[in-house]
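Structure below; questions to follow.
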């Protein structure tokens, strides 16, 4: 029996269905994602970018002024300081969070006692908001009541540790709080990654007589590349958004020495009532994110390798 | 059972993943009630073909017929197929009973009917005592039976198996193989079975399709495949240890290779016997005769034993014949040792001859 | 090479994981240059024993000697052992060369010496062309060779293998098995090899230790294990298809079971032949004689063929003898079909008899 | 109807003042005052208020600094026009100084109700501190500067200053007006004459600011009230802060002229600005709320509410026709300056928020660093040049 | 040649002796303890401060344990602290937070899990592109989106309503949650999905009957992340709600930033702790599940 003898059956599903209507349910279910991506993220971003070329003040207005806002932005001392601060904070936070997170995870992975107690201690700050974090650390770093005052009270009169009052190092004061809040989560991710490493690799390195530290550096860390990438993305997305912490802890001070771009955006949008300037600043932030992210996202999600 | 009716027909099937052409213009007819094994090395496209038949992959081009219906674009559940996966893919949170009845519930089969069918499948597969357990509490063999049961309850025409035994240990594999064969004899369904284990293929199949790079190299009964391989690939792929391949020349009625000349009078050529041609002769290890049997044939040679592998039931001998390595299968009690020199004989009527360039059987 | 010197000695080894006693008072002596295979089903403690020898697990009690040194507390890298893992555990981001030299660099071996050793290992294993590649770009077999190479460069006395072939496909497994055997003949190291594949065990081992539940059931040459199993467990474990086991009685010089009575005159008892005793007789499928051979022995029976499995090289037949299932191994060309009734003969001199209660060989 | 009112008055005195308004509304109308306080500052509250109005979910009334801030909202037609009510009640006549109502006026229509007057040009001095240093309490800014070394010698901080941009802005504004006087100030701030801003008179201002910066070197508090606290406790000689600082002195039970002095216009130019707060009424759909908004506006500017509110808040009422004899020494000083017409418009009414923010950023940086006065002046002039 | 009997008997035997104070342990636990101090210090300071009276705080040492333990600040923070003329502390915000939290968490997880499932198992043309946009969206500072969202909410008439806020939380939770679910569903055996299709289950059938019951760990992770994220949110809470519906964080900000004469540090700390209590409890209770869930899905990819 060949298919030619059964025209009815042949007709029923021989035709290739319209591509658009295949998986209709899946497309329907993805609608929220598609809408969010297109309307909110793409649409909202496009709106913002478009208005960054206008003279919008308190209200968005279509009043085209070309690159004026950008010119002013890059001539603004405060913006430069904000960018510089974000760079310092970003690099330090990225490196230290990774190093600290990994080190803690590695220590916890050494089959220690009270592992879950330690893990909880390292993780709990992640449950607290940046506002809370900022307040707590502002309190501790207060030169009169806090750490410095206490140490001086013990008799070490010359002890100086007042990052929040010293414009040169204030960003590191913010960093201390930021690390406190965020490393726990990275540690958990790293720990999960470590637990996923083939036990045999450890055995092989012991048989080869390679010390624990060296095994981590030379073998384990290179193997955890995907985990590091995940952690990197998470940390980086947090860094760009750095705002609440600064507001709660220093409010940009002393002076403007701990300003950050997100705060610049907010201040210019709402305090200075110069939306165009705020939009220009956020467009710059977005641009830097995209420059860093698009190649990565393409490799990670858009590439053909996983079909 | 009409062995001539086709249960599954695949016509000019193309399947591409992006630029990778996994299946190319593939045609195969599978008879009603037949046990067909798709055999091939990893990555040759076996699972892909099976998934196309099941409707789990959208074909790039071509058509698929099941029981005469064109099902190329039908949903998997509408094709009258059941599928058993390598990892069994049992729903871990449902009991065995839940696993069996899931498909029926989806099809809105009445409750009484579901119960009847589950009971029947459980009876056939002897898993009644397990019905209330979850898959996590089952052994590998039991899981496999449940996976088959899932296809069984749905009363399908065609069973598809994707390496259903390869996750099991050797012992269980042997047992379940026999059970599967028995089940097929009992159910008389069409079964398409993917594996890369040739013992499974040989023992289970009515016919075997040997695949390579998305193409079918030979489709035939196990006997044909084993004894009359159509090309060097099939010849080398089937048989363990592999067939001995010796390159040489056909000269008149003889095959001549470095230090060896074999008379070809008993050999059945497909066409006319060529007078002179570069060729490869393939001789299975068990057709290299030793002892008394060797004495009785004309073509003989002396070889040096290099490695002896005792399997208990038989003995595998690796020997050197001039520049060639020769594998021999001997009796389990054989006493040869590495270093021995023994005389072997060749029965060319049971050998295979291939064209050296096209690699096709002569 | 002195086969009597002990390369590895394990004395009264206990290993507990919490309350679970995985190894119990285990003793084993492994000779210098010997290829010892630890064989047993999953979870019997093979890997655990190997890890204890390697120093990767801290023993609960007992002692381990390597080359006469008590290494019970020594670091793995100080024991003169090399280990090859099932997953190979190659360092994925280093080249093959890096993998081979990493341990040596760490031990501050001079550069020239490292290069020499790597070159030698690469030569022995024929992996020179791969030295610059990373493990990800290697095939399974190549990876396995690199893993062996990693032990090789370290010039160790004892090689430990934990199922090094079980991740590979059947064909590659056969090839690498032969290579491993060749390597052993060439290197003459002591090798301890864990597997649950009996073909590997039979072909590779000088001696096999069959383990069950943390104990050694039998330690002997493949021939001893196959032909004179010391208990029912070993008898049933080794051989594929498994040995036929028939329960019955020893009565005088005969073994009597349901519809069958076999004279025991050729059987070698370990002690004195018991006069009357509940016993189990084990006969391997290839020792069930058919055709002319069956005619020549006294003990015969007629059986009905139920399933025929054609493997090409031989044919496995499942037949029924009264209430018993009987497995037979016949020639690859045999033409028996399901339903045939054939006469089989039993050669009791090649059978095994076991006490029905203690399960030990009689 | 329920009238939701948003504002950022959350400190003790402020909250008490708001409560007076709420009481008045609840008592005199059939409506309920739903309090929508947003703590922080205008910077926190403003985006919330504006998004609400923009998002079509406006409150019934909201505090906003009047002046240019609300212009665009008015332009966009989002604010209720109060002109008819104002004319009916004769606001033009009762509001004093009348400039307050001007800043509520856009293209001749009135859109907001001014509720109080604040001034920022005050120097607060601690008698205790100068006693410790053994010098007389200064009479003006220059005396204060010359007394500073003595204070420092006594281990005291001459000038208390919180590390927040707006405090530094206030100090700078006070110094400017005190040193250059109204006319020059007007050229720069109102007319946006950048040449004057870059000129020699303003150089003096920046020099004075640099001096002030030196005097405040050791002051490391953040909040303005903590800085005030340094003056109260005699740890600092003085502080430049708005009139609300006297609330802190009052809480500490200090007496003006006895424990502390206040020098409006830093004792140099007796001029204060007339900043203040105002209420706006966003356009709503609900007719009932619409009517209630007008009722509320009328109450906010009523005599009784003005008295109660301003006494609680420590600010000056917007009506010239009420008696504030209960006010203390400093408040009286302010009133008399006001009566003399020594007023100038608040910067909110002359400079856009954008320009103010830029100036604030510049000053914040200037105060927290060693930026030379000349550089700061140059940057300042550039901002003025760009201002519109 | 086996070693002489005497050598067999002496020499090490049994388990290798381990000193509890080996250098390794001192280093290991020493480091862990030191780091623990850094992590615990702020919590300790907050708790201690919240239990002191104001005079004691002014005396100076923030690390000193309270001499007179008083719960006054807690009571004040919860029920008495003022914002403007409302003096009912955080208590009002708590109920609001719950009202916001529950639907936001439920909706965002429901949508993200379905998205992740569609991305993992029902890829269609363009699905990865949308997903990539979504992921990049995770990096956009929220602040820049305030205006566009105000306009969008105005258009759909949800501005100022609870559902508007729920929607905003759902949108901004979507990138990271979708990534999480997508990775998790990708890690489940594909064969299971195929088996269900052969069994005739459709998109929703597979999701509800097969995938959902297998995904408890990742739902726990998602829930924890969302609960903390939404509970701690300030920006959206303050912009997209009204005073009656202010969540707890907004109340906290109001209390902390309402400077009334002196800063009442003890009340601030008590309020801070009270606000952080819900996420803290969730972490302390389900930290283990969280780690397991992260290992189960979040890391891959």
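Here the chain labels run A, B, C, D and E in written order, and each chain numbers its own residues starting at 1.
The definition used in the following text is that contacts are C-beta pairs under 8 Å (C-beta built on N, C-alpha and C of every residue); 3 or more make two chains touch, one makes a residue touch a chain.
What you are looking at is a predicted structure, and each value in this text was computed from that prediction instead of being measured.
J.: Where centres are the averaged C-alpha coordinates, which chain has the largest centre distance to chain C?
T.: D
J.: What pair of chains has the most C-beta pairs in contact?
T.: Per-pair contact counts point to A-E as the maximum.
J.: Need the CA-centroid distance for the pair chain A / chain C, whole Å please.
T.: 54
J.: Using CA atom averages as chain centres, what separation in Å is found between chain B and chain C?
T.: About 27 Å separates the centre of chain B from that of chain C.
J.: How many angstrom between the C-alpha centroids of chain D and chain C?
T.: Computed from C-alpha means, the inter-chain centre distance equals 92 Å.
J.: How many angstrom between the C-alpha centroids of chain E and chain B?
T.: The mean C-alpha positions of chain B and chain E differ by 54 Å.
J.: By the touch rule stated above, which residues of chain D touch at least two different other chains?
T.: Only 47, 54 qualify.
J.: Considering chain C alone, which of its residues make contact with at least two other chains?
T.: Correct list: empty.
J.: Which parts of chain E, given as residue numbers and ranges, touch two or more other chains?
T.: Chain E, residues with two or more chain partners: 146-147, 151, 202, 253, 256.
J.: Write out the stretch or stretches of chain C touching chain B in their complex.
T.: Interface residues on the chain C side: 41-42, 169-171, 174, 177-178, 181-182, 185, 196-199, 202-203, 222-223, 226-227, 238-242, 284-286, 307, 309-313, 316, 318, 329, 332.
J.: List the residues on chain D that touch chain A in their complex, please.
T.: These residues of chain D touch chain A: 42-43, 46-47, 50, 54, 69, 71-73, 75-76, 163-165, 220, 222, 352-354, 356-358, 361-362, 364-369, 379, 386.
J.: Considering only the defined contacts, which chain A positions touch chain C in the complex?
T.: Contacts found on chain A: 198, 200-201, 203-204, 206-211, 214, 218-219, 222-223.
J.: Along chain C, where are the residues that touch chain A in the complex?
T.: Contacts found on chain C: 51, 54-56, 75-78, 81-83, 85-94, 102-103, 106-107, 150-151, 154.
J.: How about chain D: which of its residues touch chain E in the complex?
T.: These residues of chain D touch chain E: 4, 6-7, 9-12, 15, 18-19, 22, 34-40, 44, 47-48, 51-52, 54-57, 59, 223, 225-226, 229, 248, 251.
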